[in-house]
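As written, the chains take the letters A, B, C and D, and residue 1 is the first residue of each chain.
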Amino acid sequence: MLDDDRTGTPAAHPAEPAHADRDSLRARYAAVRKRTEDLAARLSPEDMQVQPRTECSPTKWHIAHVTWFFETFILREVFPRRKPFHPDFPFLFNSYYWGAGPRQPRPERGLLTRPPLDDVYAYRRAIDADMDRLLAIAEPDTLAAMLPVLEIGLAHEEQHQELILMDILDLFSRNPLRPAYRPAEAAPAASGAAAALRWHEHPGGIVGIGHGAPGFAFDNEGPRHDALLRPFRIASRCVTNGEWLAFMQDGGYERPDLWLMDGWGTVQAEGWQAPEYWVRDGDGGGGWLQYGLTGTGPIDPAAPVVHISFYEADAYARWAGARLPTEEEWEAVAAGLPVEGHFLVHPARDALTPRPAPAAVGPVQMFGDVWEWTGSPYRPYPGYRPPAGTLGEYNGKFMSSQMVLRGGCCATPAGHLRPTYRNFFYPHERWAFSGVRLAEDC
Amino acid sequence: MLDDDRTGTPAAHPAEPAHADRDSLRARYAAVRKRTEDLAARLSPEDMQVQPRTECSPTKWHIAHVTWFFETFILREVFPRRKPFHPDFPFLFNSYYWGAGPRQPRPERGLLTRPPLDDVYAYRRAIDADMDRLLAIAEPDTLAAMLPVLEIGLAHEEQHQELILMDILDLFSRNPLRPAYRPAEAAPAASGAAAALRWHEHPGGIVGIGHGAPGFAFDNEGPRHDALLRPFRIASRCVTNGEWLAFMQDGGYERPDLWLMDGWGTVQAEGWQAPEYWVRDGDGGGGWLQYGLTGTGPIDPAAPVVHISFYEADAYARWAGARLPTEEEWEAVAAGLPVEGHFLVHPARDALTPRPAPAAVGPVQMFGDVWEWTGSPYRPYPGYRPPAGTLGEYNGKFMSSQMVLRGGCCATPAGHLRPTYRNFFYPHERWAFSGVRLAEDC
Amino acid sequence: MLDDDRTGTPAAHPAEPAHADRDSLRARYAAVRKRTEDLAARLSPEDMQVQPRTECSPTKWHIAHVTWFFETFILREVFPRRKPFHPDFPFLFNSYYWGAGPRQPRPERGLLTRPPLDDVYAYRRAIDADMDRLLAIAEPDTLAAMLPVLEIGLAHEEQHQELILMDILDLFSRNPLRPAYRPAEAAPAASGAAAALRWHEHPGGIVGIGHGAPGFAFDNEGPRHDALLRPFRIASRCVTNGEWLAFMQDGGYERPDLWLMDGWGTVQAEGWQAPEYWVRDGDGGGGWLQYGLTGTGPIDPAAPVVHISFYEADAYARWAGARLPTEEEWEAVAAGLPVEGHFLVHPARDALTPRPAPAAVGPVQMFGDVWEWTGSPYRPYPGYRPPAGTLGEYNGKFMSSQMVLRGGCCATPAGHLRPTYRNFFYPHERWAFSGVRLAEDC
Amino acid sequence: MLDDDRTGTPAAHPAEPAHADRDSLRARYAAVRKRTEDLAARLSPEDMQVQPRTECSPTKWHIAHVTWFFETFILREVFPRRKPFHPDFPFLFNSYYWGAGPRQPRPERGLLTRPPLDDVYAYRRAIDADMDRLLAIAEPDTLAAMLPVLEIGLAHEEQHQELILMDILDLFSRNPLRPAYRPAEAAPAASGAAAALRWHEHPGGIVGIGHGAPGFAFDNEGPRHDALLRPFRIASRCVTNGEWLAFMQDGGYERPDLWLMDGWGTVQAEGWQAPEYWVRDGDGGGGWLQYGLTGTGPIDPAAPVVHISFYEADAYARWAGARLPTEEEWEAVAAGLPVEGHFLVHPARDALTPRPAPAAVGPVQMFGDVWEWTGSPYRPYPGYRPPAGTLGEYNGKFMSSQMVLRGGCCATPAGHLRPTYRNFFYPHERWAFSGVRLAEDC
């Protein structure tokens, strides 16, 4: 039901999930749920409790909220008389759905020291048991009807997995001990010089944009439509830390002529001098170190710059005599590429930080490593209408004042991304794993 | 020089102004400058001194700033060794040009009780005399070189004429006496029922967007480029006060489901219950009156609603089952229409408030009366590059987080507007004469 | 060393503690330390982690900070080459002592999810072991020299015990579940009518104020000095909830004439309608319930009103035709009374909320139940000089803009209080167990 | 009626004013009113319009407000059916009297560009004419009854005369032109070395404090009562600029140990490095200049430091090994001295800035030049009760969180001050002509 309105091809989708094998569905559900718990396994109850600022949520809240999502939009939809697991949890763990009733104010999620973590895990167990049973025994019609929402629920939980890593990094970064979420595997070998930057031309013309193929996508990725592009060039890889240091050394953070007006105001108000999580090297030499999920270490000049705002990405592009790609340009290039890259596979084994791009002829690093700011404001596609019902609030109501990012990052669960995937943040925000790739007119 | 970079047709424009008649230029300059003084003539020195909030400027500052513009970008460019009229004025009256040196902080323009108004007028007289002499005797080459900047300077002053009216209305609205800038001519006759709303189809396809013809335009109106539109319908006239009252009575300001997330946050933070400058009728009946430049009076249900934010326009459209037009859709419709409408002609004789649309078959009221919010964020057109030099800061650096409005209003000087003209405000702002026209997909 | 400067009677105090029995000292130290852990025993790691607002601290931080106090001001003073238990803990757990080096910003204490609670308890164990050994084996001279600081350290920890209860109440009150720190013993019997209010006269004259007797006191309680009082009357007991309800019903929170200017500004800015932690009864009758450490329950009209600001105390007194006592008046009455009352004995058995005053002829309830706002700003006594060294920052630097409260409360550890004891809060603060007793001129 | 309650000697005062000569009363009234207009004569309508921040008011508002005071508390009291001069003026020009009805919010006084200055002066003329007639012809009983309020009205206007100078200085200081209210008479001769600082002993004991003699005083100066003082020493003169520079050079603004906690917080939040209105000398030498009503000039090391906060005065005293006097100590010394000093006589001829103290044996400069911060919070005297009626709001409701200053300054109208006069400001405020005199214990 969700997909139909969005794509305008109602027949295709309900049919498709009906072929899904129950056991593989149950396995997928279990695997997604397990990854959340794997992410939390390294955290103490205290780590999971604190909300460092309004934009971030406590891990405990994330864990409860994604559970509430399945309870509310699947279990209580399928069984309309089903009571909530706990009468207060809908209030506590609803995020922003007006249609689902009142809720704990977002800035006060960190005050919820009760329910304790054990109760939240008990909630999780109970909902998981019911979900598994439902997937096992539901009538085919019921299963078909709930499948689109199940897909949303799984994708939703994957989004919160990335948020858990983002929010924990923000929290830990404000602790003077600068704890590591996980130790680095070994002292990373110096990665050597970055791959040379090359430019790849695209001829422009009319291109199809947005999700239209079978398979799940969020409503904001559609409807698929034509866009008219002018010829352009796109960089073969993302901007590196080494290039960013050159920008800084050239006064990038001190020259208002490089910045959008609102960006320069933010630079001054926030005292920005470098990307988020860069810290001064204490050796007095004026150098920089980079803090991340594996602790503090040297800056790898070949790795992509990360944790920058749109304002910084835009200023860098101006300094470099280039510009940001639009989201349509980005998608036109990405559409023909395999969705492969450095994503989140398992928190115990991943690098947990962006890695240098390989040397290559064609565009690389389009997927994974860092989200790439585009020059496109996040607005509805032509013909977009949010789905009916409460889940219509999922994406549509955020379509103002934010900018689109594309491609996923090293904290995005593997398998989550699509070339049509649209992420969005406010232009001043830096706690996502956000970087930049340049473009220019032909 | 300004236009060339922008339009990509460098040869055309320098040639064109060279044909201009010196006397008509001098007359145009004098006429534009006179209109500013006509607007100020009804104001006391105190009225012209106060800055009610950061976004607004004192009339005295407007008057000085537009003068500084001619002094800085024409007289001191033509005569590089020319000293400023007063050594402190460049600091006091520069608005936001980094390239022109440091400046008085914007929120503190109202603190400049010195220089007194007489000195500002003396400044004006001196610059006007020099400008007039320059226009009279400049070598043809010099004249040709300065003409593009002169056009900007005149258009710039016209923009500030509209700002003077906007800012004075804001200031007076916060005085409990609610003074009238000018008395209304007479008790306005009830305007009767609004013209019926009709929908006009546009077939979509590839349309040319942006300024490309001879004649002046701002850099942000170009370069002219093709855009691909889907078929759409646009409303024959703007939304009226009567329709807005229906929205209010249907709980428009109390239903979060109608609003963008940021919009609803603003409604709650600001306590919005009606458009800006609507005031409760003191008779206890719960009705509304409208405050404006001619004082407080009844709400004309047939006149277009005015002083609404983008958020309100967007919520209204959702409530009405429609949407806002994009700026390209708006321009595609407007391109074929004469630029006629209810603009500012003379403050002594104008209505100074939007008037009802006439009954008509085709789209009317596209120009004048109220600026029309579009659904388009204010971003550069494909291929846009700001002009070189300080005037490159005029438009480009504002291209984030604002929305485009089109069509001009009753406070826009007649002759100022073009179908390609792009105005822009933040989505929460309401002190412009901003309204809304609906669109929908075919 | 600390006491000497303060009291001006250097000989008396060092001599006195030298008689102390080592074993009783060790037992006192252990008992005070144990009470902190008893208080924490009912809290989860998450409860102990969160800082609900700048003025409050996490329980975990309190527990670590009081330990740092003994480590820093005793162990590292006695053994100057002793290293800190952990190199980062002095930074993390210093509260406000400039002399002890830089520190974690107060508003960010809640961000310290690391070190985990276990490490903080390990810290505690280590310091306790060393303190116990030191008390057991120190040379008599060393013991004598450290005793004044030990007394401060123990009193300091008792102050933080009260703060733990205050801060946990504040935290839990902002959780929509409104958890109880501990269940109430049983449904409290209706306590019946409050004891009648009587007035007790004091003849005024020159009275001795401040600490001068043997035994420990904080530096801000001295030096003892004479004060000249006019004849006055003081109320036999504190203002009750029943009396406060009468004030509310008479429009106490709506009449600006009853309030100090700053108080009325606070009423309006904060929307105060009742004491802190009073909540509307959900039955629709407009009544009130009281939330506290044992949960939410009916308001006992005979119990003293608690969790009011100085502004409210002052407004109430004005409404009642009386005034607040000065701190000298309060002390002149209290000096002759035994320091007996309803204090904190053990969190498992206490009422944890103020109890009604007994019927009595003389003044009662001067000690315990609720801190009593006085009309005296917190300023140094005549001749006051802070002690030399870092502990001179303990009290002196707070002597501006706060008001004195006297008498202790139900959350103050038994044995902590003296008639000369001066507590202090800003006039708008309400999270202490603060109440009010009236006075008037004769 | 006003004085009686306050002093407790009701018979004395009504009798006394009855001896007043009508003509001398009319002359006094006229002289006070004229001085306000003399102060305004150097200001433009724009200067008189702007409110630079909430604590300051526009000169135009001051001029209207003092007029409203006579209209409201005398003319409309004597003639109860008298209508206001203009129906909106009570709303616009009431300052803070709840009893006198609603009013323009204080932060928005500067928005009142209407009524124009001419209307305010017309208001002034009308009230002055009626006041003069009333003083000329009122029945003796009426005259006697109104005399206490007349005295308040005149003293009130004198207070606003000082405020006009303070507020204009604040406004002009924020104009980058740094205009002079009036040019300095001539380049001031270097004043030479400051008089040597001497200490004068007071034996302490019981002293009478507060106003008790015949003649007008504000209610907050009474009731007269005894206070018990310890022996103390007071400095012969105020702290000089030269001494303050030594404090600065010794790191006075960088050493937290010298400051009260709230004071240090203010230093950091505001970036204080010197007294208010000190500006860096532009010659690059790191020196300072002083801006004042006669413009910017060198700092006179012998003149008293001015425009310092209580926090700065307190920190200086701590640095100097001294303390601030209490208000009772100050008054005990001042009581025996003639009320002579450097006050405001006429804005055209005065220095308009504090002058060095003369060399002398006894305490000098107690009156005039600079207000002297005391260590006493502004609280009611024992037995104080505000007068009945609306004028009871004049002083009493401000008695929290402010500190007492004594002695008047160079902007206080001559004749306005008494040894018992209590001025009060918040401890962080600096725009009054506030300085400091040291004291110490014997």
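In the analysis below, a contact is a pair of C-beta atoms (placed from the backbone, for glycine too) under 8 Å apart; a residue touches a chain by one contact, two chains touch by 3 or more.
Since this is a predicted model, take the numbers as computed values, not measurements.
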| item | value |
| --- | --- |
| Partner chains shared by chain A and chain C (touch criterion as defined above) | none |
| From chain A, the most remote chain by mean C-alpha position | D |
| Distance between the centres, which are taken as Cα means, of chain D and chain B, whole angstrom | 47 |
| Distance from the mean Cα position of chain D to that of chain C, given in whole angstrom | 38 |
| Cα-centroid distance, chain A relative to chain D, in whole angstrom | 60 |
| Interchain pairs in contact, sorted by label | A-B, A-C, B-D, C-D |
| Complex contact set, residues of chain D against chain C | 96, 98-99, 206, 225-228, 230, 256-257, 259-264, 310-311, 314, 375-377, 379-380, 382-383, 393, 397-401, 427, 441 |
| Partner chain B, residues of chain D touching it in the complex | 44-50, 52, 60, 88, 91-92, 104, 108, 110-117, 171-172, 174-177, 179 |
